[in-house]
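Take a look at these structures.
One chain, subunit A, appears in both complexes that follow, with subunit B as partner in the first and subunit C in the second.
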Partner chain A sequence: MGQKHQTPLLDELEKGAFPSFVKEIKRAAEHSEYAQDLLGQLELSYKEKVTHWKHGGIVGVRGYGAGVIGRYSDVPDKFPGVAHFHTIRVNQPAGFFYTSAALREICDIWDKYGSGLTNMHGSTGDIILLGTRTENLEPVFAELSSRGWDLGGSGSAVRTPSCCVGPGRCEWACYDTLELTYQITQRFQDELHRPMFPYKFKFKMAGCAVDCIASIARADMSIIGTWKDDIQIDQDEVRNYANSGMDIQAEIVDMCPTGCMSWDGNELTINNEDCNRCMHCIAKMTKALRPGKERGATILLGSKAPIVTGALMSWVIVPFMKMEPPYEELYDLVERIWEFWDEHGKNRERIGELIERMGFPTFIKEVGLEPHPVMVKEPRRDPFFFWSEEDIEK
Partner chain B sequence: MICPLIISERGVYMDKEELKKIIYEMVEKSMGKKKLKQSDILKKVSAEHGVDKSEVKAALRELLDSGQLIFTYFGGSYVEIPPKE
Partner chain C sequence: MAENLPERQTDIGPPHFSKFLPPVIKNNYGQWKYHEIKSPGVMVHVAESGDQVWTVRVATPRLLSTDTIREYCDIAEKHCDGYLRFTTRHNVEFMVDSESKVEPLVNELKEKGYMIGGIGPRISNVVHTQGWVHCHSAATDASGLVKAMMDDLHEYFHTKDLPAKVRLAVACCVNMCGAVHCSDIALVGVHKTPPRIEHDKVKNLCEIPSTVASCPTSAISPDPKAKSVKIKLEKCMYCGNCYSVCPAMPIADPKNDGIAIVVGGKVSNLRSNPKFSKLAVPWIPNNPPRWPEVTEAVKKILDAYIAGAKKHERLGEWVERIGWEKFFKVTGLEFRLQHIDDFTFARETWRMAATFKW
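And now, the complex of A and B:
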């Protein structure tokens, strides 16, 4: 198949040192009419500086209200190959671990029913299959599910939970992010496939404060590994770092955000009571320091990108929770939070926005959380302490 | 003791088919006016008929699984009657 449309503007994007999506779409266009016309429509958009996609509407697979995102061209006569160009979200495995056979299977299915173009992975974490026609949705879903795949979340539903590689590859994981992600996905199947909330709800699981999944900025509920007891120190290894040229004072002690470390040239001392478990020192001196042994997670709530109102970061609602199966304490909390949201949330209002609107004291009272000094929304803002009528002795 | 035929553990007992009819009619009436979300339906039916939300949800689920009702997406997710071909 020769190239159907001339694309001088897109061609510019193939130049330079970086990988190019244009190059990839052109490769797909060698055997896909979708990709051919995608190039054409994209070139037109670049020329006119407007999008030619229409979105939303009535596409999906029976029984599910999530997982398919409708896209149509508004110039279908010019580009019939992308007249329908729906996206399918496929639930990725926890931690993004695949066999190469699984990846081939996904690609083969997608060559058969869609454009062959994928995005591994979308910002939600899902495998994104880009571009197919309405009449292909049921067949591709049937084929995917017969091989053990399922669709992910979209719309006003739980979004496909995702996590860092956790204990699969990382020795800092303070809980099993892979297991929790799998279990949350199973537990909330209904909420994932059948939208029932005011808006989306994302779970992201990070094994420690390094937060490789960026949960603190991207999840309505961020579950971040931490520990309660003391950082484990191997003083010989600390001295090894010093002897091999590390400036422990400048690189470790002076960089500690809580100023809770000291170094006398021979021993490293940590005042664990003041340490906020930021992971800086541990990530710098991997051989000398490790997280403590009494491990669990901090639960934070509320981050989101700007849509209805501005961006928010998650803040702490539970300082420490053991994160071990069967996770009932966590599920129970999640359900109470959803009830609060269901009761008071306006259409398209995220949980973080709702809390901003109703006030944190109302939230913790209705959800049944104990106020705690670490529930700080951001540095230099007071913790959310308020007194109600009943608290005041007259 | 309360007769189990009249009162279920959580509220008034209602036949599932009857519930499905009530839900379908509610969605039908809303068409072309204010779109209903799943949670609107659960709240409304539960409040108006004294049935527990989980029962309304189970009935709604059957309507969605059978294709009599569908989910749509217009900035948020709604429950609607599928368009006639």
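And now, the complex of A and C:
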């Protein structure tokens, strides 16, 4: 297929060292009319400095309210190939591991019914199949689901949970992030496929405080692995680091945020009671230091991007929970949180914003959590606080 | 249905990941002992059993054709028993179970022109959003900005060291479908003018109460006479949230949409707590296809960080050590009225001390 539209501006982005998305669209355009017209429309956007996609549109597959994002061109006469250009979100396997056979299967389906363009992966974690027509949605879904693939979340639903590489390939994973991601996704299939909440709800599982999945910034519920006992030390390996040129005083001890370590040139001493488990020393001396053995997770709640009233990061609601199958304690907590959100949440209000509006103490009380000093950075500064009936002498 | 389709299933969820784990990973699952970074794109993880998995990381543009994915599959089949994975930052990783298999893999990747790197104290791949490629609310193009920026900075992906990791991100509007608000350096598409109300369309396309409620500054109120809404222009901060709920309030403005740069965020807990990114540059015009003014500003910030930061110090940690007033001095970026917060968390950001640097 020859190139249908001239794209002098986009052609500029084929040059340069970093992999080019324009080359990818052009590759797909060799066999896809969608991709041909996508090039044309994108070139127009580059020329006019404005998007040419219309606002949304409700499309989907039968029985689901989520998983497909409707997208229509605002210049369909010029670019009929992208008149409809809907996105299909396919729920990725936890940890983003694949066999080539599985990927080829998805590619074959997508070449048959769609643009041949994907994102590996979308920001939330799904495999993104980028661009097809409404009448192809059911066939794509039948082809995918009959081969064991399902759609991810969208709209006011549970969004596709995702996780770091975890115990698959990381020595710091304090719980099985992949298994929990799989199990939580299965447990909440209905909530994922049929939007029934005030707004979106994201889960991200991070195996440790390094947080490679960015859970603290991007998930309504951030489940971050941690431990309770002492950091495991191999003093011989510490000395090996020192002997091979690491300045342990400057790079490790002086960078410890709690000052809980000391180094006498022979032994590294850690006062574990004062350690806040930030992971710096462990991350820099991977052979010498490892997380403790009594492992679980800290649960944090509420993060989101700036819309509507400013970005939030998740904050601690449960200092420590064992994170082992069947995860009933976690599911029970999730359901109590959703009940609170259902009861009080306004349309398009994320859980973090709701708690800000209602007050964290109210949330703690209604959801049945115990107040704990690690839930706050510092106690309140003002003298204005509520008491309950039972606190008042009559 | 026109053709013979297989029988659809619902609510089956994703396949279990164990189907896709390479044997060396399956055998040592949860039993990893330590890892070492061998070069900017190669690392080895060693298990308690002594088994090793060697990983080679390769940059992708995130937007991938099925043809390229099949090429990855070819490589995985030739070198990695058909297994591969992607990272949260859109890299693809090829894994082998012995050191001797690394060189042939690396050689073939290089021969095919792939860019190997992104591990350790350098720039990894850029988390980004859809932009003009696929989004109705994009104020800029994300893929194009990433490409232009990384063409300038790619040496920090595959060769050069930095004081610590530098996480770059691009969001094409303030909805920020990505961890842009907690990145070392992030670009955000922003508007500078209020939405236009298409009164004749509001009554058919929009729910007035939710449109009114969508505004964070209460700039929107009902206009019952027009069966529409009105905007107090002086209160609008151009966030575009009203357009998200009401398609009859377009906000895109080619002459005034542009890019803001925010810096100093992080998500890890290493050393210091996770941090939000803060405003470094409020607005740079959209100048596709290569946005030279944006890439120049990013380089300025990165160069100042390289010159000033200590080993292991993230960009935000460096700025907090030297002070934001010094950040503007050493980067030469202009400090403007827009840098001073007047939104939700404003009070916390004003300087309530008499200590600062000249």
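Everything below uses one rule, namely that the second predicted complex is superposed on the first by the 375 of 394 C-alpha atoms of A that agree within 3 Å, B and C clash if a C-alpha of one lies under 4 Å from a C-alpha of the other, contacts with A are read in each partner's own complex, and residues count from 1 in each chain.
The rule is short, and it goes like this: a residue touches a chain if its C-beta (ideal position, glycine included) is under 8 Å from a C-beta of that chain, and two chains touch if they have at least 3 such contacts.
For clarity, every value in this text was computed on a predicted model and none was experimentally measured.
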item: Which superposed partner A:326 touches (first subunit B, second subunit C, both, neither); value: neither
item: Touching partner for A:2 - first (subunit B), second (subunit C), both, neither; value: neither
item: Which of subunit B and subunit C A:60 touches, first, second, both or neither; value: first
item: Contact breadth on subunit A, by residue count: subunit C or subunit B; value: C
item: First (subunit B), second (subunit C), both or neither touched by A:28; value: second
item: A:245 touches, of subunit B and subunit C: first, second, both or neither?; value: neither
item: Touched partner set for A:196, first subunit B, second subunit C, both or neither; value: first
item: Touching partner for A:348 - first (subunit B), second (subunit C), both, neither; value: both
item: Set of subunit A residues, in rising order, touched by both subunit B and subunit C; value: 56, 63-64, 347-348
item: Contacting residues of subunit A [partner subunit B, same complex]; value: 56-58, 60, 62-66, 69-70, 154-157, 194-199, 342, 347-348
item: Subunit A-touching residues of subunit B, taken from the complex the two chains share; value: 37-39, 42, 57, 61, 64-65, 67, 70-77, 79-80, 82-83
item: Subunit C-facing residues of subunit A, complex; value: 9-10, 12-13, 15-25, 27-28, 30, 35, 38, 42, 45-46, 48-56, 61, 63-64, 71, 85, 87, 91-104, 107, 110-111, 116-125, 130-131, 138-139, 141-143, 145-150, 162, 164-165, 167-171, 173, 176, 178, 182, 185-186, 189-190, 193, 209-218, 250-251, 255-257, 277-280, 283-284, 286-287, 290, 305-311, 313, 346-348
item: Subunit A partner contacts - residues on subunit C that touch it in the complex; value: 1, 3, 5-17, 19-22, 25, 29-30, 32-36, 45, 53, 55, 59-70, 72-74, 76-77, 82-88, 90, 92, 95, 114-115, 127, 129-138, 141, 143-144, 146-148, 150-151, 154, 157, 174-182, 210, 213-214, 216, 239, 241, 243-245, 247, 252, 254-255, 257, 265, 267-272, 274, 276, 286, 288-290, 311-312, 343-345
